[in-house]
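Following are the structures in question.
Two complexes follow with subunit A in common, the first pairing it with subunit B and the second with subunit C.
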Partner chain A sequence: MALLRFASLRLLRGLLTLWFAVSVTFFLVRLLPGDPALAIASPTMGEDQREQILADFGLDRPLAVQYVAYLGELLQGNLGVSFRQSIPVADVLLERLPWTLILTGSALVVTLLIGLPLGVLAATHRGGALDRFIQVGGVVGQSLFVPTVGIALLYTFGLWLGWFPIGGAIDDDVYGLEAYASMLRHLVLPCLSLVVLQIGAYVLTLRTNLIDALGEEYCTVARAKGAPERRVVWKHALRNALLPTTTLVGLQLGFLVGGAVLTETIFAYPGVGRAIYESVGQLDFPVLQGAFVLLAAAVVVANLLTDLAYGLLDPRVRAA
Partner chain B sequence: MSGLSEELTAVAAEPTPASRTWRAFRRNPLGLVAAGLLVLLVLVALAAPLIADYPRGYGEDVLVGPSAAHWFGTDHLGRDIFAQVVWGTRTSMAVGLGASALAIVVGVAVGVGGAYFKRLDGVLGLFVDVMLSLPVLPLMILVAALAGPSVSTLVVVIAVFSWPEVARVVRSQALPIVTLSYVDAAHVMGAPNRWVLVRHVLPAVSPVIAVSVVVTASRAVLSEAGLAFLGLGDPSSWSWGTILYNAQRSGALSSSWWTAFFPSLAILLLVVAATLVALAYNDARNPRTRQDGTR
Partner chain C sequence: MSTTRGLGRRVALGAAVALTLVACVPSEPDGASGGESEESGDSSGGGDAGGELAIGTTADVVNFNPLVGNSRTDSWVTNLIYPAMMTIDDEGAKVPALATEWGYGDDGLSAWIELRDDMEWSDGEPLTAEDVVFTIDAVKAEQLGTVSGMIGAYESATAVSDTRIEFTLNRPDGAFLSSIGFWMPIVPAHVFGQAPTVADFANDSNWVSAGPFVLTQVERGQRYVLEAVDDYPLAEGGRAALDRVVFRVYPDVNTEVLALRSGEIDLIGNALPPSVARDVSGDDSLQTFSVPSLGWAHMQYNMRRPPLDRVEVRQALAHAVDYEAIREVVLGGNAVSSNSSVLTPTFSQWVDETAEEYEYDPELSRDLLAQAGVENLELEMIYDAGDPNISSWAELVRDQAAEAGITITLAGLERNTYLARTNERDFDIYAGSWAIIDEPQSNFGLLFSPDGFINYAGVNDPEIDRLLAEASSALTVEDARGPLQELARIVTDQVYDNVMYVEQFTFAASSEWTGFQPKPSELLSVVNPQSLASVRAAD
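And then the complex of A and B:
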């Protein structure tokens, strides 16, 4: 019962976040100086032509009416119409979204797969040379500029060594198993850029939490019972150290999505981020707005899932 | 009694916490080098006109590598990249410091306000949580594109989406302090809220604020570079992100490594130096990590 209450509270917060995101973008677009009407209606148009276009896009109605209409349309999955391409924004973006999900999802999984053992290594060799090295690496990794990492990887492994393709997400004329292999080869470099970027946060957080956990009494008890250190670390301490690390996933998601926007730009990866880059040049506000709403929704859903996982993992949350 | 007076004189002879922190900081070579680097970058930003001519127009030598005439090489229009990086330091620093200052003011107000006025805490905390969970870069892109790219727009946009992180850190630091007995004592004496906040709470959280200034500024530099890299930089001034944007847009990136390397290096140096200074300051301030025998 407590878990149900916890879950519904989280769901409520997710919905609130989403409503906030949607409302902020709506009012920003209408109130900021960059008038969307000017972006579609060029000054050389006649007055009636201009009004016709504004009416077509529903921009001539009062703000409150537009807001309610916008929310209603959103609930039906309608994100408006692209100014430039005159096709629904939802169509433009939904075809891009899977690529962004593949990129960020794989980056998260690889980060955890490499980051957890590194964090454990640093914590168990606390104060040693290896620990220092991992810590410095973590700090430097977090301070890197995403495009810098992407460009460096693209240069080394794409242009110089020629191991991986330098752009795109899949080759044109491949089918079946070969298509998967092609996808994987295109995924390696952008995914690696994101891993470099965020792994430091995970390693450093896990290191601190694991060191704290290893100092707890239950670990002393386990050692006193004669449990080998390996068992103390992996069975006793790590389980508890992982809980706060789960929270980090939620905190890092927004950051990861931002990194994906820049990475996709560099590798011409056809995700939502690349769509953002293309729309910036064309001042296609509905696409920019839709992309943000879509990414915010993805983050909210992912956050909800990590919260629920946390609730299932930690009995204290269920009891509270 | 004599023991007590000995103790008193011992206390009087103790150096102030600030001077002790400074002494410990000076003993950390990495922190000192990083601080020196930051000072150097600030000097470069201030003295940009003395170091290099403002890069403009077209040059004859298109895409030549680093040489004695062009230390960092030239870009696809023959402009000197060294000059671009030097002038870019100015924009990046201005945006970083400006956005950081603005974000700190708002973040500290919300963080301390939330911790001190319990009735506001729920609403402010929820608001900060919501802001923190949103993907900020796409939102910054939308706002910057709408408002039109300029240095002042960038400062405001980056600050508006950076303060929640400051508020979160400051609030968590201020929470235990508002429950301390000297704060209660001040209330009992009838001190007004403003006086307690300025005299007791703010000084207690000031070390966190100092670290936040540096960290927020370096993040703001990264945000500015990111926006400029996507084509949302101020078109009338150079920035490190703009140089990378030009390299990417013109396709110079794949043939001429120097177009991307030097601006990237500048960003890396600034952010790593800022991070190291923040870490060294934290270590020097913390008696447990200070390693000078005094607690």
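And then the complex of A and C:
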């Protein structure tokens, strides 16, 4: 019962967050400097042509009317039609979304697969050379700039060694297993650059929490009972140290999407991030709004799942 | 219990990943799901004898409707499908493409164009004068794209035969035929006429072409595939030599160059930044092409704001810039002087041989300011911070002006902010460039008449207006040249527009291909229809 109430409250909070994100996005894109009609037509258009364009897109109506109309359409699942492409926003985004999911999803999985053992290694070798090396590596990774990492990886592994393709997400005219192999080859470098950039956060967070946990009384008890250190670390301390890391996944998701915008641009990867980047330049409000709704929903859902997982893992959370 | 839940979670996760992967993987061409990919009716489908040319571009196609889309990649792709009646030669003159001949009636109130008689759309329908009439009427009725701003003189058109169109004009306009001939892509009336409005027609599938290639497959964010059309009479041999052209999208130009060097693409369609162009020109496996811009880079001084309304002040500013240093240092020599004239050397039919560039002379600038009684001149200069060339020379302009005692504050802006402030005429100095100003008879009206849309400086000069009227009603180049050259001299003397240079664009391609026909401007580049129809593998 407590869990149900906890879940309902979290769901309500998620919906409120989503509404807030949708509203802020709506007004924010309209605060962008510039004139969408100017971005659509050429600067040589006449005033009547400009007014016609604004009227066609409903941008001549009062902001409040536009907002209510937009929310109404959104509730019916309609994201609108792209100003520039004349096709439904949902089509624009759904074509790009799978690629972003593959890129960010694989980056997250690889980061956790490498980052967690590294965090454990650093914590268990606290103060040693290995610990210092991992810590410095983590901090350096976090402070790198995506285009620098991207071009360095492309130059080395794409052009010089020729192991991986330079751009795109899949080769032409490949099907079945060959298609999966092609996708994987195209995925390696962009995924690696995202991993390099975000792994530090996981390693350093886990290291700190694991060191704290290893000093807790229950670990001392476990050691006193004769449990081997490996078991104390992996079975007892890690389980508790992982809780804050779970929160980090939710928090880092926003960062991951932000990183994907640049990564997709450098690696010519056809994801939603690039659609956002292009739409800002074109002042294509419907696509921008749609993309942000989608991303906000993704982050809200991820956080909701994190919260629920946390509630399941730690009874104290749902009691609160 | 926990094992079951763990297993369930893993299965769910696996299913989600599998679904995502399935969504991305293309099915076989004959498969049920097609996504965005569409197969078109008539294409060669033949073997690989002519090969495939992969072209890099930095942006996606935004809109496949050539009457609406106006981005560079839009034009590159749709120009290969929807033919223009004229193209441009090395001298900047309009020459036949779909049209064979054209001319005006004696009073200038009528005009005619004669088309080739051997053109047809890739679905077998003939391309006739009716398609031209449909296109221009749609542009006028729905105020479509840039062309609608060029046809102020257009009243009506009639297809008097399959190959001849006769136009009625409401005033003489010597630029009318060249403007529509070059800028207006002809669309198939039997396809575009089916849509309720042409403006809303996305044209994103089942393309029908009368160009050398037809679009067959689109994967947004990745590639645009065009197959050669079997029958293209404008190409040598009646068909493009290539089998396939693929545009691949690399938003970052550095990645694009790596792709060219690795062999992933064969050609870069967009102009390379000067520093990259220098690197590429040293690579033996690549060839480069240099073509002039059809526009110019410039500064304009807002004459609505004193003391910029004083000609001495504008001349002082013009003398406070070392143009040659900018062309050599910032552009790496990839630019030529226009002798401070708006009639640039790219268009040899208009150019004024007597024009002279403003000399860099800070002392003279100081004297001119003293004559005008202006002290401590402080101005703000706006420019698009995303333009690497202008961002670089803006700093030189500031430093050189300081030598003449003028303080210039730089305001590098995000592009949309820059456009908005320009449009609102909210600046002291505007720095920018025109991509294409190709028909001075009509375009100079936009630039220098009091109500011109892009008269940023606020030019309001009766003598200019008189010369504009005289030039625009002249029906031959010979008759228009005199008033235009006179107008250009006034613009230079009064510094209504400070023309700094005409950029020379560099494009790069793999040496494995030959037959490119570079044309002026980044819009035509080496990816214009004439060029791509004649490209073939080098021996």
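Everything that follows uses one rule, which is that the second predicted complex is superposed on the first by the 288 of 320 C-alpha atoms of A that agree within 3 Å, B and C clash if a C-alpha of one lies under 4 Å from a C-alpha of the other, contacts with A are read in each partner's own complex, and residues count from 1 in each chain.
We adopt the following convention: a residue touches a chain if its C-beta (ideal position, glycine included) is under 8 Å from a C-beta of that chain, and two chains touch if they have at least 3 such contacts.
Bear in mind that the values here come from a model prediction, so they are computed numbers and not experimental data.
Enquirer: Applying the document's definition of touch, where does A:169 land relative to subunit B and subunit C: first, second, both, or neither?
Expert: A:169: touches subunit C, not subunit B.
Enquirer: Applying the touch criterion given at the start, work out whether A:159 contacts subunit B, subunit C, both or neither, answering first, second, both or neither.
Expert: In the superposition, A:159 contacts both subunit B and subunit C.
Enquirer: Per the contact definition in the header, classify A:70: touching subunit B only (first), subunit C only (second), both, or neither.
Expert: neither
Enquirer: May I ask you to decide whether A:202 touches subunit B, subunit C, both, or neither, giving the answer as first, second, both or neither?
Expert: neither
Enquirer: In the superposed arrangement, does A:105 touch subunit B (first), subunit C (second), both or neither?
Expert: Once the two structures are laid over each other on A, A:105 reaches subunit C alone.
Enquirer: Using the superposition on chain A described above, determine whether A:147 touches subunit B (first), subunit C (second), both, or neither.
Expert: So A:147 meets both subunit B and subunit C here.
Enquirer: Would you check which partner chain A:85 touches, where first means subunit B only, second means subunit C only, and both and neither mean what they say?
Expert: second
Enquirer: Can A:300 be said to touch subunit B (first), subunit C (second), both, or neither?
Expert: Only subunit B; A:300 stays clear of subunit C.
Enquirer: Is A:310 in contact with subunit B, with subunit C, with both, or with neither (first, second, both, neither)?
Expert: neither
Enquirer: Would you mind listing the overlap between the subunit B footprint and the subunit C footprint on subunit A?
Expert: Touching subunit B in the first complex and subunit C in the second, residues 32-34, 147, 151, 155, 159, 166, 265-266, 277, 281, 283 of subunit A appear in both lists.
Enquirer: Over in the complex, which subunit C residues touch subunit A? Could you list them?
Expert: Residue list for subunit C touching subunit A: 17, 20-21, 23-28, 35-36, 59-60, 62-63, 65, 68, 70, 143, 145-146, 148-149, 199-202, 204, 219-223, 225, 246, 248-252, 254-256, 258-259, 261-262, 264, 414-417, 419-420, 422-423, 446, 453-454.
Enquirer: For subunit A, which residues count as touching subunit B in their complex?
Expert: Listed in rising order, the residues of subunit A that touch subunit B are 13, 16-17, 20-21, 24-25, 28-29, 32-34, 139-140, 142-148, 151-152, 155, 159, 166, 250-251, 253-255, 257-258, 261-262, 265-266, 276-277, 280-281, 283, 285, 288-289, 291-292, 295-296, 299-300, 303.
Enquirer: Residue numbers of subunit B touching subunit A in their complex, please.
Expert: 126, 129-130, 132-139, 141-143, 145-148, 218, 222, 225-226, 229-232, 244, 248, 253-254, 257, 260, 264, 267-268, 271-272, 274-276, 279
Enquirer: Show which residues of subunit A lie in contact with subunit C when the two form their complex.
Expert: Listed in rising order, the residues are 32-35, 38-39, 41-46, 48-49, 52, 56, 84-87, 92, 95-96, 98-99, 101-102, 105, 147, 150-151, 154-155, 158-159, 162, 165-170, 172, 174-176, 179-180, 183, 265-271, 274-275, 277-278, 281-283.
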